[in-house]
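So, here's a batch of structures to check.
One chain, chain A, appears in both complexes that follow, with chain B as partner in the first and chain C in the second.
== the complex of A and B ==
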């Protein structure tokens, strides 16, 4: 279950109670793999495992959606039932609560966002040696989605209420006394137009990043502490196995927890997107 | 750590990954939008069918209620008609019985009268016959008793008639007494 076998955080043979080489925790190098194809361009990551996993995510999502809704019938089968469960959940819990009936036309977008994000997240739990990492731990992927929602938010707001109406609704909260506006307007501008889209993408990225790092740490520590043939004697060897077992249990528990977080983060991203778009539809409040 | 230091911050947004992610996202979005009506059509159809089913059930129920009402009315009407018919039949029966009784009485009277007439006729006939026979018999008797022949037919007849007149008178007196 070792996460990222290609990472040089530990070499075989470097164990607790061993020859004295210390434990080196896995770090950010997990998320900056050496590219197989380097474009040689500034700001480009090159072709890495992220490309492969993103492409795999697309395939998985498309396959899921194709096979569950290809022959949608009035009396649903199991596959269709799964899709309907997802669509019904997002409709009732996300779009209807934030946008009302009008939100139904944004439901396909929300379904797409949820499926895509969740699948990219789950890539961190699928043990393909050398490829096991959530795709959303590369900031570019959450950034695309957050930017898409940000642009849509502006487009809908401007279409509904005009450019002035949209910006005014976002900058001037209703019921604020005029004398305080010079303070409030810059804060609102910074908050709504810059910080909010940034946090929208960073929240997803950071949670997945931290979660993956934690799992990698448990895996690496478990591996490091497993040294039954310790040169310091069988007692310490047995102790090392006990340590390792604790790390393994931690790893398993956190894996389950991480799966839950992956779903929650996808849900949160979709919920926030829905709230932003609903806000743009509504205009000033 | 050494690799990270070489390759820069994890917060860097690589534009190539960004482009790749955008394409991936748009592909999925396109396919989901394209296949969306599939699912919605099925869902709408289901809602329609459920609503239609409820409406049909309500309609059928209303129809059944109306039919039941009709039957109840018909049944009541039939009961009423039956009672009326029964009443009428009773009246008719009474009338018929009365008529029949009257007819029977008339007929009986007629038969009795006819019988009386018949008896009277028979009696008259018997009387006439008897008169003739008695004439002959009495003549013969008289001739035998007297021992002589009453050759004179005129005298003969006179004797007989006188006898018969007497006889008749007596007879009718007797009959009248009988009747009384």
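== the complex of A and C ==
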């Protein structure tokens, strides 16, 4: 985790069985880096590590597709096979299950979204000193992606069914008696047009945020509890090493688990996007 | 799912994640909208905690009804 953690527990001499200096858990300061370039605009974060990591993610995604498809053959090699496996998985598990054959034209979008989100998430596990954080732990990035899907959902719905048809399909559930409509139409409006896109964005952000904080906590605790030269004697020094080892094991286990979560969250984001777009194509529900 | 509709070609299994998200959206939407209406009515008429619970109840019932209509009955 290295330079990522700017907490008191990391300061020299601040260890368990030491001179009484307590442990301070890593907090939200991890996710609020000081900008290198500040535009001076209210609400703008400026150029931070998030900015750099997002640009790096774009390069990684482009490089992945360049190197896996530049010599595409009918019988795929290992690299092309990996790319085809990803595309095939998302086609069979996401677009076909939610949109049928019609989903195939949205497959490039879904594959790109998945790989981009996954790459941004994985930036939290790549130990580049001072840069190790999932890009999606900044709410702006999931927000823009969710906003893009939301706009697309509306555009497709309006193009397929007209503005009135799209809005009616989203607000008026079929098979409901007219006298109940005044109760359920506002719920449908709030649910479909505001809460659903908000949860789409917050789900990705919150899970990555919590996961990174947990990893940071294990790393900081491992460092704090490592004090073999304890002034309280060699026994407590040995105990502190044992404590630290437990924290390190926890860190490693959760790192593997976090990698899994990063893939799952990218998949869930794409699955939900696909379901929403499929719903817009379908019209009335 | 009507015949001839694009969705007719879909696989039969509905992803449960979507249902979960939709259910939460309905529940939050119902409680927020009708609870909000109840709160505003309380505030406008000078009551304290009379219409807010009524609104929350209406919202909850409406949400559960929508969930039933969209995901159980269909």
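FYI, the second predicted complex is superposed on the first by the 277 of 285 C-alpha atoms of A that agree within 3 Å, B and C clash if a C-alpha of one lies under 4 Å from a C-alpha of the other, contacts with A are read in each partner's own complex, and residues count from 1 in each chain.
One rule holds for everything that comes next: contacts are C-beta pairs under 8 Å (C-beta built on N, C-alpha and C of every residue); 3 or more make two chains touch, one makes a residue touch a chain.
Note that the coordinates shown come from a computational prediction; the quantities given were computed from them, not determined experimentally.
K.L.:
Touch test for A:187: chain B only (first), chain C only (second), both, or neither?
P.N.:
second
K.L.:
Quick one: classify A:225 as touching chain B (first), chain C (second), both or neither.
P.N.:
A:225 sits against neither chain B nor chain C.
K.L.:
Name the contact category of A:176: first (chain B only), second (chain C only), both, or neither.
P.N.:
second
K.L.:
Per the contact definition in the header, classify A:51: touching chain B only (first), chain C only (second), both, or neither.
P.N.:
So A:51 only meets chain B here.
K.L.:
Of the two partners chain B and chain C, which one touches more residues belonging to chain A?
P.N.:
B
K.L.:
Applying the document's definition of touch, where does A:281 land relative to chain B and chain C: first, second, both, or neither?
P.N.:
Touch partner of A:281: chain C, not chain B.
K.L.:
Go through the superposed model and pick first if A:247 touches only chain B, second if only chain C, both, or neither.
P.N.:
Touch partners of A:247: none, neither chain B nor chain C.
K.L.:
After superposition on the shared chain, which partner residues are touched by A:80: those of chain B (first), chain C (second), both, or neither?
P.N.:
After superposing on A, A:80 lies in contact with chain B but is clear of chain C.
K.L.:
Going by the contact definition given at the top, which residues of chain A touch chain B in one complex and chain C in the other?
P.N.:
none
K.L.:
Within their complex, state which residues of chain A touch chain B.
P.N.:
Going through chain A, the ones touching chain B are 8, 24, 27-29, 31-32, 34, 39, 41, 43-46, 50-51, 54-55, 57-58, 61-62, 65-66, 69-76, 80, 83-84, 87, 108-109, 111-112, 115-116, 137-141, 143-145, 148, 209.
K.L.:
Applying the document's contact rule, which stretches of chain A touch chain C when the two form their complex?
P.N.:
For this pair, the touching residues of chain A are 96-102, 173, 175-176, 180, 183-184, 186-192, 194-196, 199-200, 203, 268, 271-272, 275, 278, 281-282, 285.
K.L.:
Which stretch or stretches of chain B touch chain A in the complex?
P.N.:
Those residues of chain B that touch chain A are 1-4, 7-8, 10-18, 20-22, 24-25, 27-29, 31-33, 35-36, 38-39, 41-43, 45-46, 49.
K.L.:
Which residues of chain C touch chain A in their complex?
P.N.:
5-11, 13, 15, 17-18, 21-22, 24-26, 28-30, 32-34, 58-59, 61-63, 65-66, 69-70, 73
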